[in-house]
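There are structures below to look over.
Presented sequentially are two complexes of chain A, the first with chain B as partner and the second with chain C.
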Partner chain A sequence: MQATQGIGKPAKERGVSGRTFRAAAWLGWQIESNWADPLIFFIYSVIKPLSGAAILVVMYSVITNGAFDDPMFAYIYLGNAFYIYVAAVLTGVSWTVIDDREIYRMLKYIYIAPVHVPVYLLGRGFAKFAFGSLAVFITIAAGVYFLNVPLDLSLVNWPLFAVSLTLGIVMLAMMGLVLGSVMLLIVNNANFMGEAVAGALYLFSGAVFPLSILPGWLQPVGYIIPISYWLELLRRSVIGQVAESFPTFSQFSDIQLLAILAGLTALFTVLGFVVFRYCDHQAREKGYLDRYSNF
Partner chain B sequence: MDLAIHTEKLARVYKLRGNKKEAAKELVALRDINLDVRRGELFGLLGPNGAGKTTLIKILTTLLAPSSGVARVAGYDVASEPEKVRPRINMVSGGESSGYGLLTVRENLWMFAQFYGIPSKLANERIKQLLDIVRMSDRMNTKSSDLSTGLRQKMNIVRGFLTDPEVLFLDEPTLGLDVEASLDVRNFVRGWMEANPDRTLLLTTHYMVEADELCDRVAIINGGQVLACDTPANLKRQLQSDVIYRMEVSPLNDLQPEALEALGGVRKVSHEAQDGAAVLELILAEDDALGSVVNMLTGKDIHILNLQKREPSLEDVFVNLVGHSMKEAESDANG
Partner chain C sequence: MTLTDRVPKNSGWRLFLQTVVGRAYPRIIGLLRELSWFFFEVFLPVLSVAAYVFIYRAIGAEDVYIGFVVMGGAMTAFWLNILWSMSSQMYWEKQTGNLALYIMAPNSLMAILLGMAFGGLFSTGLRALVITLAGSLLFNVNFEVSNYLLLFAVFMLTMVALYGMGMMTASLFLLLNREAWHYANLAQEPVYLASGFYFPIKSLDFWVAAGASIIPLTLGMDAMRQLSFSGGAELGFLPVRTELMILVALCVVFLFGARWLLKYMERLAVREGRLTESRR
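Our next item is the complex of A and B:
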């Protein structure tokens, strides 16, 4: 064997975030899409979200004796559909820590590369966002065509929808960064955290029932979760009258809700990077970056 | 002196948490390590498992914070300037099955090239070139999960060299590889250093031959301390006046190797049991001491099956420094 002449220069420091994000998103996409052949992957992508929605629809049908025309149904159905993003983005970003450290055992190599690790985690989450978008689309389309969810594209407030969706995805990604940072410090059982957090938020964010249904002493929990405001904005932008049927946030205008969401997103952005910096430092102190639990 | 790696009183202590009733214990993995590795050197860290080699590499590659002391790589402090160290280094760890199994060999390597800012076209050229060298070009489009352990390790080694680091850390790169693959890796490392004289390579190994064959200088490390640091030839020269015998005997029964060490002229004895026999490595001050060793063995009804006189090796240097063989040191470290 012979060795070759080297390239000879350290990696360029400019554009680190951009190339980190692109390569991480590419890797995430490959991991999400390459585990099965294309046909099986397509079938899985369609069936999985529909199965999740079907469980909810059957439960609703049994409890309400098939009252699909009630605004409550559209409220629940849309909340459940958009909540797919929570599981996809929040746990997608945070799960990358487990994926790379425990399963692929590559976290240490990512860490010593000239990348911005938070941007890498967000890039990996972006692939989950893309697949999540497909699932959200399929779920809502099925609701409109088969269950008469009253969605009229000409009545959708598209600017509000676009701004709300974008802010919400950023907010979820930053919540994922906080969670992923904490996972750096948890060697055992960290794999349960993402699902546990997503499950808890499902209950308190008004995804499947208005916050007003919660006992009074639990309602404040819902009001401090940014996802509650985000789901309300999405419902208002997609099917305004459904949101109006439930008075949880009726005291707020669209602009006020957007301002709250923007503020909470900014807060979580700062929190995400601060928590990451702290946990990164602690993980290096404790030697957790390449510690495997063999869970 | 142009130093690629410099450490000064570097120490690392792990706090091990017991159960709730017990207080946390401390494990000293490294203590007061002072090392200078010159630019362009192929430097070896030789020591048994648990000696502290990997801990040192983790600190030098910014994965682990030191408890105290200073460590600089390529001129930058690993604790306070990790972002300046990282573009200049790379690392390959042996004996593990890391890699994104869903990606092909080329995709795995290309992705890492992207992380290091290497243009895609150049990355692809270098991937092809390096895979040719390690005789893996026919596996370029194989998913890495379908590779054997040896091929996966070769892919990881290519990943380390692909980014052409100023300082490359190879942590037991031939661990778990067969003889032929190990030879390939050693030849590649040697060739790369010859072709890139301004690059620095720090290699950890517990294979004496590997360190002897490859390294310009070797530091012998045990129990978190550097016991000696010099060229392999100089280290062995310390034993030049000694005589070294390898003796295969029937089982030692109740005879302790320490009893042999108490004999006049016997400097060190290491012992290893092997398939109904025992192998003694004897470091003697002079040939005459062999007589008293033979007398003691025959007096205990122990038969000599084979006897060879040989030149000093790094293993002998280790035995001379530590007092027992590398394998015995590993057993001690594993408790």
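Our next item is the complex of A and C:
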């Protein structure tokens, strides 16, 4: 028994998290993609986000007579494109609970397998991250080539972009773990939770309009949402000149925003595992791991 | 009562009606039993409506567009109901094992679909009403209805054509398995775009808008917007009476199409043994 704990673990068990993550990511990839041939799946993966972006483009075009050079358009378009990650990663991690408990009814088998369950959930979310990245790339490329989104690759602050993107994805994954953990305790409405959270964050994070557009009493909500800071950093790194046109976070330097994002990522990392531990215990106590609601 | 006692049973049109009522009942009563679903199904569209309203405000749109968004947001409830509770319903029934029972029972599958449509129309109508009221109150939408009778006629025809379309596509889903979920998922945003849920359909290219008119909500919403908002007529795609005639044609095509396709697909599904397969 002693040999299986701490540094005395056999080599096989020490690598359990890595193996869990890889296997979960591969499983997630297969579940998401193997229902169709690659071409249909590719079309499926990009048509939904492109349609979402096209709705905004038409709305913008109708009102402004196609003034795509205005900084507001780039603000809306890129915010919407990067928000694809929020829907993919945050809801991707949390939806795994519904997928495995209700649809495939495999959650109980995952629990009795030699895996680390939170890492398994994160691994499943990684597959969604991969598909989300494809959608983000294609959406931005379409914006640059067809709609004059002023993205000049030589002017992109790549180090800031890479650090912001990485921190943000880790933060979203951990927020997803918090949400997924809570879903372990929700039986009847769990399938709505991911959408509700993603929808609320879309509205309050300034993804598609500056926070100053919100009524005064709602603006503080935007300032306490971590995704607002993440999107601001991404905009600054990719299209700095556009971000300067909207002074929502002008009081913060890039370093200060990065520090805030890093702090929030650390907070959600701790919170993710703590909340999971609590919810996991409660779900076992109440017998929710093996409960179907036919959602 | 013993097992040998005869139980009076309906047949013919009485059985048809009984089936319609029987299948509509859980849809209506479910609304009252699971109120939290009602909350989420109103709350989520209101969030989307709010986001689109603020986008319009950020780019300085006129108030009429805010009204368009609120109406579009309310109509999403009907489209989602068609996708997830009509079209893909046969897939869900297959997953839960009910589909084989529907086929075995001495009733018409068409009556079951009609029951689902009536029940869905009632419960979704209630949701759409709440979304409209919430959106109108939150964003001060001014409705200036020019012709209530015509508005009612357009709405009813849109619903008949839409649910007819739902019944028709439901038969196609008889043949699908796990891909059903993905196809239904795929038909959300592209239809929001093509049917102009959040902008006047006139903004699209004429032929794109004409093609999208196969979805009854496209012309239905356009006509309702023309009749409900001051300045709506200027943003209309076709004259209201033309749209009304096309909706009548769509009602006929979809209802007869549903009847024919359902029989054909049922035979095909039986022949290919797809009624009980369950591949998740």
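Heads up, the rule we're going with is that the second predicted complex is superposed on the first by the 283 of 295 C-alpha atoms of A that agree within 3 Å, B and C clash if a C-alpha of one lies under 4 Å from a C-alpha of the other, contacts with A are read in each partner's own complex, and residues count from 1 in each chain.
Here is the rule we go by: a contact is a pair of C-beta atoms (placed from the backbone, for glycine too) under 8 Å apart; a residue touches a chain by one contact, two chains touch by 3 or more.
Note that the structure is a prediction, hence the values are computed from the model and not measured.
Colleague: What is the contact status of A:Tyr104 with respect to chain B (first) and chain C (second): first, second, both, or neither?
Modeller: In the superposition, A:Tyr104 touches chain B and chain C alike.
Colleague: Looking at the overlay, does A:Asn188 come into contact with chain B only (first), chain C only (second), both, or neither?
Modeller: After superposing on A, A:Asn188 lies in contact with chain C but is clear of chain B.
Colleague: A:Leu257 in the overlay: touching chain B, chain C, both, or neither? Say first, second, both or neither.
Modeller: Neither partner.
Colleague: Identify the partner contact of A:Trp35: answer first if only chain B is touched, second if only chain C is, both if each is, neither if none is.
Modeller: In the superposition, A:Trp35 touches chain B and chain C alike.
Colleague: After superposition on the shared chain, which partner residues are touched by A:Thr64: those of chain B (first), chain C (second), both, or neither?
Modeller: Second partner only, chain C.
Colleague: Give one of first, second, both or neither to describe whether A:Thr20 is in contact with chain B, with chain C, with both, or with none.
Modeller: Once the two structures are laid over each other on A, A:Thr20 reaches chain B alone.
Colleague: In the superposed arrangement, which partner chain does A:Gly287 touch: chain B (first), chain C (second), both, or neither?
Modeller: First partner only.
Colleague: Can you list the residues of chain A that touch chain B in one structure and chain C in the other?
Modeller: 35, 104
Colleague: For the complex, which residues does chain C have touching chain A?
Modeller: 34, 36-37, 40, 43-44, 47-48, 50-52, 54-61, 65, 96, 178-179, 182, 185-186, 188-190, 192-193, 197-200, 203-204, 280
Colleague: Spell out the part of chain A that touches chain C in their complex, as residue ranges.
Modeller: Touching chain C: residues 35-36, 44, 47-49, 51-52, 54-56, 58-64, 72, 76, 103-104, 188-189, 192, 195-196, 199-200, 202-203, 208-210, 213-214, 294 of chain A.
Colleague: Note which residues of chain A are touching chain B in the complex, please.
Modeller: 1-8, 10-13, 15-16, 19-20, 22-23, 26-27, 30-31, 34-35, 104-106, 108-115, 281, 284-285, 287, 289-290
Colleague: Under the stated contact criterion, what part of chain B meets chain A in this complex?
Modeller: Contact set of chain B toward chain A: 14, 58, 61-65, 83, 86-91, 93, 96-103, 107, 111-112, 114-118, 122, 126, 129-130, 133-135, 159, 161, 163-164, 166, 184, 187-188, 190-196, 199.
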